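Going in written order, the chains are labelled A, B and C, and every chain counts its residues from 1.
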């Protein structure tokens, strides 16, 4: 097996008496979608924040591309190639759709501290931004103010901004939340292709999507990973069924 | 340098700090409960001082004057809260700053229009004039000592109120979770008006107490307001305890800095240069203290979070 | 053409037409008023870089205004008294040359903004407001207690500083100098707002998490904006001191900070030309209301309150509609 792009080792995080992450080990290999599932309050967001850099773990390591990034800031990890989408859209709402995409391209290219050249005339950035918008199917909306987009379109834009970064790894926090059936299907097709570009750590509630897409699944319950395996293994895992899939399976 | 002088200056610093606490406590409560930054707090300080000076001139009673300062500032606070401030709770800090800056303009010019530009004077009553003998032969102003004691009593009362009374519980609940107290059926609107009036009354009371030491004039409130901000930055926002510790720190640093720095520079410089360098540095001392706190604890000494 | 562009042109044309008309009808005082408006506009444009682009509510911009003013005052004071500024390790003399004074004012206020910004930007929100206000007050008290340059009384500069080829004592020529600088500053800020930095800064204002996820550090973005902002306001301070031929601690006062912010708000936050309209409106109000009543600040306060409560977006919001997301 190839070396993992992302290697989480023994991560622990507590808030007072609440142990949000307990000895979490997790790997993400090139070319795969690794889905992280678990009931509400299982600590999925806490975990992704520790991986992306928003929270510092109490102990344990985050190894990214063979490098220990546990002590690095969010910005530094992003520069190393972590591309993140947010559960609650963190877009610049007053900007146009295109501006948000250019923002991503600018972040990826660097040269932010330039004071005088109009950024929205930069052919290089525009090409990169438009390509990403094209991929997610937002080209016709590029001149719209982001606050005027529908919920689903904002999700698509989130993914587009992450695309402009050409990251080494995608961290996606519930990208399908609130999407209609149509939107979900489109996004699934996209993610399916995307894994060839960079592996995806996918936090998702939509079980159909997870079982259709994921190469591997980890199940997080009360801050602990109770099982990791292929779709079939997870489906068959008794512990997962009782702890997570719950009574409806038993009934 | 005599020890007696040093103790006297320390007491002055304490007195200054206690006064700053009365200002800072109101500001920090109003921020903690309503999330509002109120630049017009200095105007309420001024309202208290003018009310006291006016009533003292009319009745000759210092106690009535103090009562008037509390009532006038609280009433002014209630009116301002109901007419303007209420509309600002949901606004961003910029709008709050601007609207309360506008209130300063209105209050200051209104007072100038009503009372003129000349300072008024509020005399300390006979029974608080002169000096008292403290242990170890220290002679100290009776009035300033009274301010310290009254200020400490108010501080103790405030701590007791917040910790023990029903209104205090609501205030603490409001600081923790604004939606929660609404859900619990507390009349938020009335709670907010009450907290604002309380803060206003404290500010007005401080204005009246200080008015008897300094002159009562338009614009007296804002320098104190800014000092109270320094206190809050040092103590941590929303914390009454932080406000108290911060106020005493600022009061002592400022007063002792003005006293000690020129003396200290006198050891290495000629007297006139030492006085001017010392005085200049002393004027910056509390801000340097603030910068130091920012370097090591940006959230303030007792601040839980960076707001 | 867009309404905002038209409005920009109208504001500049008006600001240019009034003094020219005053020159024709021999009303030097009106020229001075227009010059004041132009200089205060520069101060407001400076603040708007922090406030409008970066969302940094600085209530301490009087600090930079004052540093610029004192840079002019100190240099000119030594020049007019034929004394040296310092003798060691190198001899530095005063100067009466405007370009040199501007350069010093800009550098000094940028440096001040770097120091104050580095500390204040460790906090956000209401802390930032209180801290910037407090640092400006520190400079105010320092200026009062430092006797070398006039202390509380300030100091007078007897002859306005010189600009090569111009007679700056002639009001209209000094106006031209200031107006030229305003145009330059507007150009810089307009380009800045459309530059990579401007785009990223605006994004930080709207979502810090986004900017971090793009590999940027908001603190650095804000600090850069704060320094540029302070430098521009410092330039305005030097010009203001030259206009009055007088500097005093008042330039550092909290009222000055508040007024600079008022220019921005009256015009419209975040619009490059907003503070120009705001400063002009302020001067018009000051002049017309000041003629009506000695207590004109009451009316100013009422108007400001009205704008904040009912007409956010200021003059530009009323006349040019909602800000367009530019591309």
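Quick note on the criterion: a residue touches a chain if its C-beta (ideal position, glycine included) is under 8 Å from a C-beta of that chain, and two chains touch if they have at least 3 such contacts.
This one's a predicted model, so the numbers in the text were calculated from it and none came from an experiment.
Participant: In this assembly, which chains make contact with chain B and also with chain C?
Facilitator: Touches both chain B and chain C: nothing.
Participant: Farthest from chain B by Cα centre, which chain is it? Let me know.
Facilitator: With centres defined by C-alpha atoms, farthest from chain B sits A.
Participant: Taking the mean of the C-alpha atoms as each chain's centre, how many Å separate chain B from chain C?
Facilitator: Centres of chain B and chain C (C-alpha means) sit 31 Å apart.
Participant: So, what's the distance in Å between the C-alpha centres of chain B and chain A?
Facilitator: 49
Participant: Go ahead and note the Å separation of the Cα centroids belonging to chain A and chain C.
Facilitator: About 44 Å, centre to centre.
Participant: Spell out, as numbers or ranges, the residues of chain C touching 2 or more other chains.
Facilitator: None at all.
Participant: Going through chain B residue by residue, note those that touch at least 2 other chains and give them in order.
Facilitator: none
Participant: Listing for chain A: what residues touch at least two other chains?
Facilitator: Nothing qualifies.
Participant: What residues of chain B sit close enough to touch chain C in their complex?
Facilitator: Counting only chain B, the residues touching chain C are 31, 37, 84, 87, 93-95, 97-99, 101-106, 108-110, 112-113, 222-223, 226, 229-230, 232-233, 237, 276, 279-280, 282-284, 287, 290-291, 294-295, 298-300, 306-307.
Participant: Provide the residue numbers of chain A that touch chain C in the complex, in ascending order.
Facilitator: Within the complex, chain A touches chain C at residues 52-54, 73-76, 78-79, 83-84, 86, 90-96, 98-100, 102-104, 106-108, 111-120, 122, 143, 145, 161, 165.
Participant: Under the definition above, what is the set of chain C residues touching chain A in their complex?
Facilitator: On the chain C side, the touching residues are 188, 191-192, 194-200, 202-203, 206-207, 209-217, 221, 224, 323, 325-327.
Participant: Spell out the residues on chain C that touch chain B in their complex, using ranges where they run on.
Facilitator: Residues 51, 57, 59, 119-120, 122-127, 129-131, 133-135, 137-138, 141-142, 144-147, 254, 258, 261-262, 265, 269, 295-298, 300-302, 304-305, 307-309, 312 of chain C touch chain B in their complex.
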